[in-house]
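Across the two complexes that follow, chain A remains constant while its partner is chain B and subsequently chain C.
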Partner chain A sequence: MTQQMRPSLDDPRVAIPAESTWYEPAPIPQTERQAEFLTLREGEMFVNMGPQHPSTHGVLRVIIKVNGEKVVDLDPVLGYLHRGVEKLCENADYHQAICYTDPLEYVASLFCEAAPVAAFEKLMDVEVPLRAQYIRVLTMELNRIASHTLFQGWMALDLGGITPILWAFIERDEIVDMLAALTGQKLLYNYYRIGGVNGDLNHEFMSRLGTWMSRAAAQIDSNLALINENEIFVRRTRGLGVLDAKTALKMGVTGPNLRASGVPYDLRRDRPYLVYPELEFDVPTRDEGDSLARYLVRMDEIKQSIRIIDQVLHEMPDGPVMAKLPRLLRPRPGRAFGAVEGPRGVYGTYAISDGTDQPFRMRIHDPSFVHLQLVGPLTKGNLIADTMAVMASLDPVMGGVDK
Partner chain B sequence: MDRRLATLLQEKFGERLLTPVRQRYDESEIRVALADATDTLRTLHDDPTLRFEMLIDLCGVDTGEEMQVVYHLSSSTSGDWLRVIVPGLDRAAPRIASATFMWPGAEWMEREAYDMFGIIFEGNRDLRRIYMPDDYRSFPLRKDFYLADDASRSPAAGVRNMERAGTPANATAATVLRKSPGV
Partner chain C sequence: MAWNRLTPAGRALAVLLPVLAIGGALTTVLLATFGGAIAATIGANLPIVRFLVAAVVTFLISVPVAFLLIYMEMKIIALMNLRIGPDRIGPAGAVMSVVHGLKVLMKEDYTPPSVDVPVFTLAPVVVYLASFMTLLVIPFAPELTSMGFELGLLYFFAIGGLSVVGLMMAGWSSFNKYSLLGGIRAAAQAISYEIPLTLSVVGIVILTGTLSLPKIVAAQDGSFLDWFIFRQPLAAIIFFIAITAEANRTPFDNAEADQEIVAGFATEYSGMRFGFFFFAEYVNVFIVSALFSAVFLGGSNPPIHIDVNPQILIDLSALGIGLPLIAGIAPVLGTLLFAAPIWFASSRVKGWQALVAGFLIFGGVSTAAVGIWAFVMLPPVASLIWFLIKTFALVFTFVWMRGTLPRARIDQLMGFAWKWLLPASLLNIFATAFAVLIAGR
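And now, the complex of A and B:
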């Protein structure tokens, strides 16, 4: 019996042609950059991640060009959640537009409301009552904590840890239930109104908040101890995806991602809105600019948020929570940009009024959209598994990216 | 409002500004011609007295008669905010120089403006659709793009019914098209 030769993978008869790595017709390059991306060199191949991948925090497809286990280049494909919110807002009146912006970032939807409301109030010269301003700060900071605790759980989950997300959800659910008692909704609150908020603080919210505040600091500290001292977590994130301050500014990065690169830029302090100038808080920064720094900056922000909530509860005055406004709002023709500092960066809304009751143009700026651009540059040369770590540390939410 | 910024911008750009510097609340606004856009952005970014290093937002605007590109800049050193409006892009073939030479992060925002308005950014090396599929032919945020089931814009139905009582029932799309004189 003659010995059978085992086929070699180098044999051209069994080699897999490059174009068959696409399970759909290979895309025709439309730009210089795409043509460069689609050209495979020796040893390279495409790996498709998503759109149904748990670590993409929504519905995102990333085409990764790999050489062995190393990422050579990647190309995110967006639009799976595109709803055309800007167009819908142009066809809705000013009150309706606010609830269209709500589901953009479903983990921090109060900020998505706050930005258009701020822009509309500038357009209409509305003065918000002081109590309503305090309530907005209080609810936004609670939402920031909920978003950051969820980030903490997600990031650990993307790195393979299951326990932290269960712990994170305890804190986050408590805040969500608290806000549900206040607003009637669990995630898409639709609580802010032009000129104030929809309803004063109620008893259930205040009692839940009081109970939570008495143990929040200790509970969050124990959550942090679970991860911050975990050797696997720290080793996998330290020095990974380093973003220096100069590149961060050029890439339009804002929020904790920018502060983790050593630029102390925070709208709450640098372009104050609502009652933030009267409150005392620090702007935590880190100089390293790696994934671990981006994580730690967010964890420091949770502590500052608790500090802000504490001050707000002590200083909140009595009074009305809504300004007196006509039901049909028709601002004069003009332009305004409203911006708030969210848990991911600057949420902005550029609203143009043409004198009717509908915005003529409403542009929504979402920080996740800008930050997602960085995944490519930051992961080049790293392992495929590190793509998820970098992406988790940038904390994009696809609902906001796709609008 | 920062009066100092207004005088500074006025003396730096002088006759290049199409309208005087406008200030309302904490926003300043300038308008520059299409030909001056690149130089203006470069000066705003590089000048040691201005230092607008951060591009917060870039977006397209369709006013019904022309296209505009609007930049929102912020200074991380002084905290000033500035809106730069570049009006006068031809609606049939809008073209403008890309801002990616200075802010590489503008790449996706320009792709979005291209996807939604059809504005061509010369110098952007990855200008293709970002949200809509590659074979999509329209530009959805243009004012002459109507939503198929748009009740509020139709003359006979929706929330604006009462106000639109005077609109003839057989109004064509062209007569309902909103044109804004103010923007």
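And now, the complex of A and C:
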């Protein structure tokens, strides 16, 4: 008896009748820009891409206003991955704060550790041992290569090529395994500490690194040969989403996206940190500022990173990897800003100390957030397929955008 | 009651046996009474019966062809991606695509609310129908053409173009913007590429003077230099590009570009209705490859004619009572013959393992022997094998392109069709016509 009483969705008395015209209620515009965006002219419609869509990296939602195939207007909607990292960090002590910033950019998480560590070290006047500095440079450059190879695969995948991502993942997997041997984690390493790094280089890491370095350049070249000269790839990316240097600087663009517009600004050279002044490397730039240039700049950076790793391995001194520090860190009241040049741009952390063992305020600058605002201006007037090409070439990672 | 104590198999038998008995008796009576009339009707309407039989046969062969192609694509792309690919079900994962098909059959066939139900349901049927109906005119061998009628090529283009209607129906009825975009992309693309596709074979029609596919294949008889790919190279290139777009394959798979419009026209489909789209795509790949090999690669003609004319005549009737005896003894003897060296070679091999291995080897050897005999002695078998070799080489090319190339943008795609392929195919027609005027056929 009771079984029959239980209401079922199949029951026609309970089921909600599906009507043939079922729409979301139109949102009420809050700003002038929103009102303009929500007005549909003749022949236009909204296409909602994301947060679950095959080609939005992570959980980005993009509302596209299209006229046929042409993108008229575009509005990225953020916040699906918001964890409140900045606020969490204010309730953690300085060591704990580092592991909160770790998952911000899950494809290059060493840089997200390096920025707060740099800020905290400035706050506490800690001198990092030379060997630790070399190890940081080595691991960061490895992580940069891992991130850029993944970018290469993503870019090709978003343009419809399915093979490059699997070839690119071979290199990335090797680097990730290498770093896992060193840090114990595959993705979120949590390796940098205030005053050094957590543990010296071990044998497995060094042997894997040696094997990989002996074939890295050739392997990466063969990966690049897969798509760099491909006519379809070049035609789809050349001249697409051109970002001129002036706009780029005005918008606060950094990293490879800025260097692809012809501004040779690289934190590693212009505001040197760690041991970068002692290392020899070029800052690759391109003048075109289009999607292809953004792609090629990153590919050139891989080669420079291999060059840096080579020098680091030759010049690395012996010594401790951790400075002598008290267990409980209580910096003097003050403020500090630490920044590193990551694979996507400048990662910055601004920390304020009030003399306790927890940061009073902590603010994180993430390059992906800045770059995402370019998607709108760069794609307007292009086709739907170009949205993907532009978005892929800007290489945003939603973990960092939503914080 | 006895019925309650029966097992399910017993119940099935208890129902089936009377039904079969009564049915058989009725059929016999019917045949005895109206047999002559039925035979006369079939005899009078032979073309219709022939068409029906051919349609059923093509439908039946289209499904395993799709399975084979899906497996080929999974495995070859996996090898190109430096993966292993399917390897669990069957030898080297060969049954994987069949299991995929079964999975698709068993999934929920969901009809979203607010779709146009009749159109939504009919669309996959139309698409699949358009694919496999074109198989009717494919000349697998001179003796193995389902419908070798005179307007074969025209029929192919006409029926092949019908699949656009199905895609548009799917795109329109789904009540989904991605589907709509996909359907319209498919229509624009298919219509644009239909024109250079049709115009590119006009040169061959001028040369051969026929639209019948078996006759076009027969016109390429001789060495491989007589194939139309060498006499009409420009047409071959145009044709290849156009069939790539017709079959919705990379780099022209904009209609279902998953990075842009999720799954295009198939976004709202699930279960077997999606399965029909999926199968139709692979049947299409096979069909366009078959058409290319028939029109440009000599179809069922071998690359080089070797006049050896062997006479391996086996007069089985001369053996008399010895035939069943040999047929019974040969497998046992062969198995023992192949098993013995394996058993003697290693002490670790158990007797039954050696026997199984010997049986498999005997099976392989005897199958190969029969195959070689059939290839040499039976012209249709040799023709079919040459045709399939050429077709699957082209299928491999399509899969290779899928593994290698990114996707072209929709405007580049359309621009390419109208700005380059159409003038080139017109140029090809005029050049061929001039050559025929001056030099004759």
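One rule holds in what follows: the second predicted complex is superposed on the first by the 380 of 403 C-alpha atoms of A that agree within 3 Å, B and C clash if a C-alpha of one lies under 4 Å from a C-alpha of the other, contacts with A are read in each partner's own complex, and residues count from 1 in each chain.
In this section, a residue touches a chain if its C-beta (ideal position, glycine included) is under 8 Å from a C-beta of that chain, and two chains touch if they have at least 3 such contacts.
Computed from a predicted model, the values in this text were never measured in an experiment.
After superposition on chain A, the partners chain B and chain C are accommodated together without colliding. Judged by the touch definition given at the top, the superposed model places A:G381 against neither chain B nor chain C.
When both complexes are overlaid on chain A, the residue A:G161 reaches chain C alone and has no touch with chain B. Look at A:I170: by the touch rule set out above, it reaches chain C but stays clear of chain B. When the two structures are aligned on the shared chain, A:P320 is found in touch with neither chain B nor chain C. In the superposed model, A:F337 lies in contact with chain B only, and not with chain C. Contact with chain B, but none with chain C, is seen for A:P27 once the two complexes are overlaid on the shared chain. Of the two partner chains placed by the overlay, only chain B lies in contact with A:D270; chain C stays clear of it.
In the superposition on chain A, A:F360 contacts chain B only, with no contact to chain C.
When chain A is checked against chain B and against chain C, the one touching more of its residues turns out to be B. The superposed three-chain arrangement places the nearest Cα atoms of chain B and chain C 25 Å from each other. Residue overlap on chain A between the chain B contacts of one complex and the chain C contacts of the other is empty. Remark: chain C residues 77, 80-83, 113-114, 177-178, 181, 185, 250-251, 253-254, 257-262, 402-412 touch chain A in the complex.
Residue ranges on chain A touching chain C, taken from their complex, read 18-22, 45-48, 53-55, 69, 156-163, 166-167, 170, 226-227, 230, 232-233, 235-236, 383-388.
Only residues 24-27, 29, 53-57, 59, 61-62, 70, 72, 74, 76, 79, 81, 83, 102-109, 112, 116, 125-128, 130-134, 140-141, 145, 147, 150, 152-153, 159-160, 163, 178, 180-183 of chain B touch chain A when the two sit together in their complex.
Note for the complex: chain A touches chain B at residues 27, 30-34, 78-79, 82, 84, 86-88, 90-93, 122, 249-254, 263, 265, 270-271, 333-337, 339, 346, 348, 350, 352-358, 360-361, 363, 365, 369-370, 372-373, 402-403.
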